[in-house]
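Each of the next two complexes has chain A plus one other chain: chain B in the first, chain C in the second.
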Partner chain A sequence: MMIPEQSRITQGQFMFFVIQSQVGVGILTLPHKMQAAAKGGGWISTLIAGLIVQVIIVILWGLCRRFPSDTLFSFLPKITGKLLGSLLGLAYIGYFLLSAGTILSFFAEIVGKWVLQATPRWALLLLTLLTCIYLVKEPLQVIARLFVISSFTIIVMVLLSLFGYANANFTYLFPITDAGWGNIIKAANEALFPLVGYEVMLVIYPFVEGKSGGKLKAASVGNMLIVLFYTFEVFTNLVIFSPAIMPAISEPLLYMLKGFSFQIIQRIDLLFLSLWIFIVSTAIASWLYMASVGLGHFFHRGEHKKAVFYAAFIVFILALLSEDPSIIDLYDRILKTSHYLFVVVLPLIFLLFSYLSKKRSALTR
Partner chain B sequence: MKIDVSPSLQENKEYIQNQLFHSSDLKWRSIQFHQLEGLIVFLESLSDQQRIQKEIIQPLEENKEGTLDKIITSVNITRKSDLSQLPQALVQGNCVLLLEGTADAFVVGVAADYKRSISEPVNEGVIRGAHDGFIEHLITNLYLVRKRIENPNLVARYYQVGTESKTKLALLFMQNLANPDLVKEVDSRLRSIVMDNTLSPGFIAELIEDKPFSIFPQILFTERPDRAVAHLMEGRVVILSDEDPSALILPVTFFAFYQTPDDYHSRWIVGSFLRLIRLFSFITSFLVPALYIAVVGFHPEILPTDLIYTVKSSIDRVPFPPIVEAFLMQITLEVLREAGIRLPSRVGQTIGIVGGLVIGESVVRAGLVSYPMVIVVALTAISSFVAPSNEISTASRILGFPLMILAAMFGLIGIMFGLLFLLIHLCKLESFGTAYFAPVMPLRIKDLKDTFVRFPIWSLNQRPHDPHPKSVSQERYSRGWEHDDPGTE
Partner chain C sequence: MKRMCITSTALVVFLLMAGCWDQDLLRNARLIYGAGFDLAPNGKLLTTIVIRDLPQSEQQSPANDIIYAVGNTPRDTRDKADNQVSRLLRSYRNRVILIGEELAKQDIYPILDVFYRDPKSALNAKIAVTQGKATDILSLKKVGNVLIAEEIDELIKSKEKTTSIPKVTLETIYPAIIDPGEDFVLPYLVRKGKRVDISRIAMFHDQRFTGVLSPDESTMCLLLQARMGKITSFTQKLSAQKDHKGSHDYITFQINKSKRKMEVLVQPDDQISVTLDLKWTVGVEEYPKDQLNDKKMIAQLNQHLSKAMTDLAKKTLQKMQEARCDGLGIARQLMAFHPEIWKRQKENWGSNYQKVHFAPQIHVDITKKGIIN
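Let's look at the complex of A and B:
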């Protein structure tokens, strides 16, 4: 497969691509969930989750490496045969679309709760998706450029959170293993989901320049930075809110920022939320991109541009339906299962399969 | 179609007269040369009659031996055997010499040069630095550039565009710096222009730019030779056109519109500070009204309590929502600005009084607009005028309108999406193979030295990478006296 110039990205851009795909809505609620599951050891759980993700990244990389010029959608048929491969590809597309829809729906919920109480939900969804469409229909290089630059918002978010340490109380952390190691590891399982997004590797791996080792390094560094960022935010919240208060607040990060103010700006949380919009939009754009590459592969001879509009429409419908909390719960449960399936189990099987079939083809040759 | 020059003077004369439709400024003078009857034909409006006298008639009267081309002292003389080419030569200011019984006509370049003197461009003033500017004369403009780069690598290529107007253009570039692909691309785009009439460089810019639907200017206009030269030395190309003082510089990045020669003439700290101020005002020029609308309409709690009371008490007297107020004032501002350009400077003061006092003060007294809004609009206007390029200044104010609408609909969230949209647009823009928002997107840390701030000149060892110059390194050890051994770092 020839990769046109406009679709090629550097390894640095690849790293930021991974970063932007990973940071999404989860960051706001993560500290709350971690505290509920692992008490003062929540930050350790986040680190453990990061390690697990690292292992998954290696697996995905091992799989991608075998097909250095194929995306997920073009190498699936090579492993499993044409029919099954195409069906699996469609399943992956469904997974990507559902992920985008869920993030979008969580996003609309938080914005509706914190900033725009009176704005109709569909208008917000539409605004977000139109911006994403405008980005995603571009070549990969353009998307990567934006992802690099919008990553700087993460630095500002870290700086804003640092203000929290003015009223930190480190004793809240102790005893660290209050919840027991079992719970800490269980919590790590929970922390896997805010970290999803590294799946983008499966789709953009062939477009990255350079050797496979460098690509693995880029993805790993990206993941590491994000895990550190998440751990930092969880840690910050754990030392600021007492264990008694934490269960009552679902978005501790925002509550924390609401608490302090500068001379001119009284509501830091609004500032934080505004920056967070960049992060969420890029995450949605990333999922949308993955899905439209797939759809483009199957229906438009590789032109993902043509698939963007209806892919976004599907995401819009998915997000619109999920206004009901029971439906968003359903999405969440589906996603959790399919995450293990599509990102851990299936790639492992594919990897084994491709090793075996390679051996076989080597033997017959 | 070629028509041979007839041996009969009368026939030639009639042909030329017919071709120029007996235009009244077509003049004739009979001459004698070695006993041959001859005619000098010229357009009195375009030819310099003193030069005709000195360079053609005088030598002819002296009646020396030799052929015509030897005798005539003019630098520019060609033989033409094709009669049909002569009318075109005449309208370019040449003088045509015809001789009885000769199959060739002589075209002598004696065009008159009426041009204004070189003066500082009014809309691109600088405090320090050169005070000369381009004028409406191609050769003079070329002179101004060549004088600054006395280097055989500076190449000028002439073009003629406009099938009727035949506008002359010159494409300038440094042979050893400009990327050959870029030169080729510009060349092919200039050649491809098919148009009756290309009146101004604005036409050329619109015909060759990459994204005609973008709000951002992608080609830099300048009337300053030093600016043109600086860009040439970075490996960009410059297009000069006859009869217009604006030079087109391409490809440029967004940040080129916020740089001025002043940055390099003042000390680097001062230059950096001013540049930061300018970029900051780019942001305020479209963001402030939107922010105001969002804060007042959606999130007043973001402001300190005392300020909320002041602002609210002022707003409560106004019957309109902030968005209407903002549009009203912004449009008034644009009208005032436009009126200011058209009016002669003596009447201009009136505009100041009407605009500043009557509108600014009375509109608030009448309760139509609130005080904070007047401040916001004034701030917007001033910060947009900071931009050194008129194109980007107007573009930034226009950008404010969609953002205001977004702010009125979605508050801060709307503004952020607007900004994201803008950022995506800037990522997408490319002009002549160069990313428009380089070196920020795609990020190139080395080039940031001369983007938001200006590092000391001696630390800018490399040219900016965005026009893909042939040679990146531009200096090393410029402060050589500090190093004993310049060979090692």
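Let's look at the complex of A and C:
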């Protein structure tokens, strides 16, 4: 498969692509969830989750490097045969679309709760999706460039969180192993989900320039930065909010910022949210891109652009349906299972399979 | 090209519409600048709301308007107050929340819940307890030429700097309000004729107001908590005799630096003792009695002040224990570093706290004496 110039991205861009796909809605609620599961040790859980993700990244990379010029959708048939491969490809598309829908729906919920209380939900969904469509229909290179730029907002988010240390009380952390190591590790499992997004490797791997080792490095560095960022945010919130208060606030990060004010800006949480909207849109865009590359592969001879509109429409419907908390819970449960299935179990099986049947692509080193 | 046009029109329309749903124009709002809550007969709540009226013309100065409403909950009273004013009451510029003494003796969380729940409320508003009723202070409307809510806000800010009262906002007490690990203290407002006096601290235990400290004790309490402001000074009597005359017998000093070392120790029989070591370097501000060029005399003064301040610290801690106010967060230390002890003691922490043995020790060291000796 020849890769057009416009679709090729550098390894640096690849790293930012991974970063932007990973940082999503999870960051706001993560400290709350970690505290509930692991108390003062929540930040350790986040680090452990990061390590687990790193292992998964190596597995995915092992799979991808066997097919250096194929995306997920084109190498699946090579491993499992045409029919099964196509069906699995469609299942992956479903997973990507559901992920995008769930993120979008969480996003609308938080924006609706914190900022735009009177704006109807469909308008929030539509506005976000329109910007995503506008981005996703462009070639990969354009998307990657925007992801690089938008990553700088993460630095601003870190700086804003630093203000929290004015009221920090480090004794809130102790005893660190209050919940017990068992719970800390269990919480790490919970922390895996806010970190999802590195699956993007499966789709964009062939478009990245350079050798496979460099690509692994780029993905790993991206993941590491995000894990550090998440751990920092969890840690910050753990030292600011006492253990007794944490269960009451589901978005501690915003709550903390709400109380601060500067000379000219009174509500820093709103400033933070506007940056966060940017970050979430890129995450949604990334999922949407993965799904539309798949759809493009199956129905439009590899032109993902044509699939973007109806892919976005499906995401819109999915998000619209989930206004009821019970449905979003259902989505969440489906996603958790399918995450293990599609990102851990299946790739491992594929990897073993491709070793056994020696279906190596021509270009392996 | 045609599609571009459609997309861009759609985008513009949606962007503008999003604003329509959530717009909240300032000219339709009546801004609340301060609110006071008091106990009304029959267990009801009396809310006093200060709103700022912007003048119609440039020449007039802004004035405060005060609204009173009685109801069951803060939100209920606010809705009732809203019935009495044109346009809409908005609380996002709120500066101060005052709670009357009698009401504060009950649980204060139900009063504050609405502020914590509403995403638009101003969490950086100051909060204080008033002697008597909050409504009496807000009803002053003006102190001198300053509107009441601004006056209280500014006064609180300046007193925070002089270590008279703790630096608290709605947000900063939120962790302490529910947490059993520490108790919080709030400024205590007293009405003096047509003015407001803020120099004392109201102590809380478990979301309930339990006692007041005197001005000196308040400052000491903050120093023991290691929450020193920019300026901190004490005036101390020098000799023990009562018949001494005039201001000759006093020294005023300012603390430049205060270093605190706190240690919570648990004896085998579960007796908790807390050692508090404070090292102050101070500058003399006023000392009409003598000159300060003699090293021996300075040493003597150091000793005298150290003893006097240690006594004050003891008195302060005793008062805090009587009020059950765990302002130093001893429970938090126990939770963090002696979890088994805490498990045994948490049931009855209020009375167990009163049994804690405090051993404060303050060292005063005079390093500055002004431009004369």
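One rule holds for everything that comes next: the second predicted complex is superposed on the first by the 358 of 365 C-alpha atoms of A that agree within 3 Å, B and C clash if a C-alpha of one lies under 4 Å from a C-alpha of the other, contacts with A are read in each partner's own complex, and residues count from 1 in each chain.
Everything below uses one rule, namely that a contact is a pair of C-beta atoms (placed from the backbone, for glycine too) under 8 Å apart; a residue touches a chain by one contact, two chains touch by 3 or more.
The shown structure was predicted, so the numbers you read here are calculated from the model rather than taken from an experiment.
*Asks:* Touching A:K258, do we find chain B (first), chain C (second), both, or neither?
*Replies:* In the superposed model, A:K258 contacts chain C only, not chain B.
*Asks:* Going by the contact rule set out at the top, does A:L146 touch chain B (first), chain C (second), both, or neither?
*Replies:* After superposition on chain A, A:L146 lies in contact with chain B alone.
*Asks:* Please work out whether A:L126 is in contact with chain B alone, chain C alone, both, or neither, and reply first, second, both or neither.
*Replies:* Touch partner of A:L126: chain C, not chain B.
*Asks:* On the A-aligned overlay, A:A244 touches which partner chain: chain B = first, chain C = second, or both, or neither?
*Replies:* In the superposition, A:A244 touches chain C alone.
*Asks:* A:Q266 contacts which: chain B (first), chain C (second), both, neither?
*Replies:* Once the two structures are laid over each other on A, A:Q266 reaches both partners.
*Asks:* Taking the superposition as given, does A:I277 touch the first partner, chain B, the second, chain C, both, or neither?
*Replies:* A:I277 sits against chain B, while chain C stays out of touch.
*Asks:* For A:T171, is the partner it touches chain B (first), chain C (second), both, or none of the two (neither)?
*Replies:* second
*Asks:* Which of the two partners, first being chain B and second being chain C, lies in contact with A:L116: first, second, both, or neither?
*Replies:* In the superposition, A:L116 contacts both chain B and chain C.
*Asks:* Answer with first, second, both or neither: which of chain B and chain C does A:E138 touch in the superposed model?
*Replies:* first
*Asks:* Where on chain A do chain B and chain C both make contact?
*Replies:* 115-116, 119, 123-124, 127, 134, 266
*Asks:* Along chain C, where are the residues that touch chain A in the complex?
*Replies:* Contacts found on chain C: 7, 10-11, 14-15, 17-18, 21-22, 92, 119, 122-124, 169-172, 174-182, 329, 332-333, 335-337, 339.
*Asks:* List the residues on chain A that touch chain C in their complex, please.
*Replies:* Interface residues on the chain A side: 113-120, 123-124, 126-127, 130, 134, 167, 169, 171-175, 178, 240-245, 248, 258-261, 266.
*Asks:* For the complex, give me every residue of chain B touching chain A.
*Replies:* Chain B residues touching chain A: 298-299, 301-305, 409-417, 420-421, 423-425, 427-428, 435, 437, 440-443.
*Asks:* Of all residues in chain A, which touch chain B in the complex?
*Replies:* Touching chain B from chain A are residues 12-13, 111, 115-116, 119, 123-124, 127-128, 131, 134-135, 138, 141-146, 148-150, 263-267, 270, 273-275, 277-278, 281.
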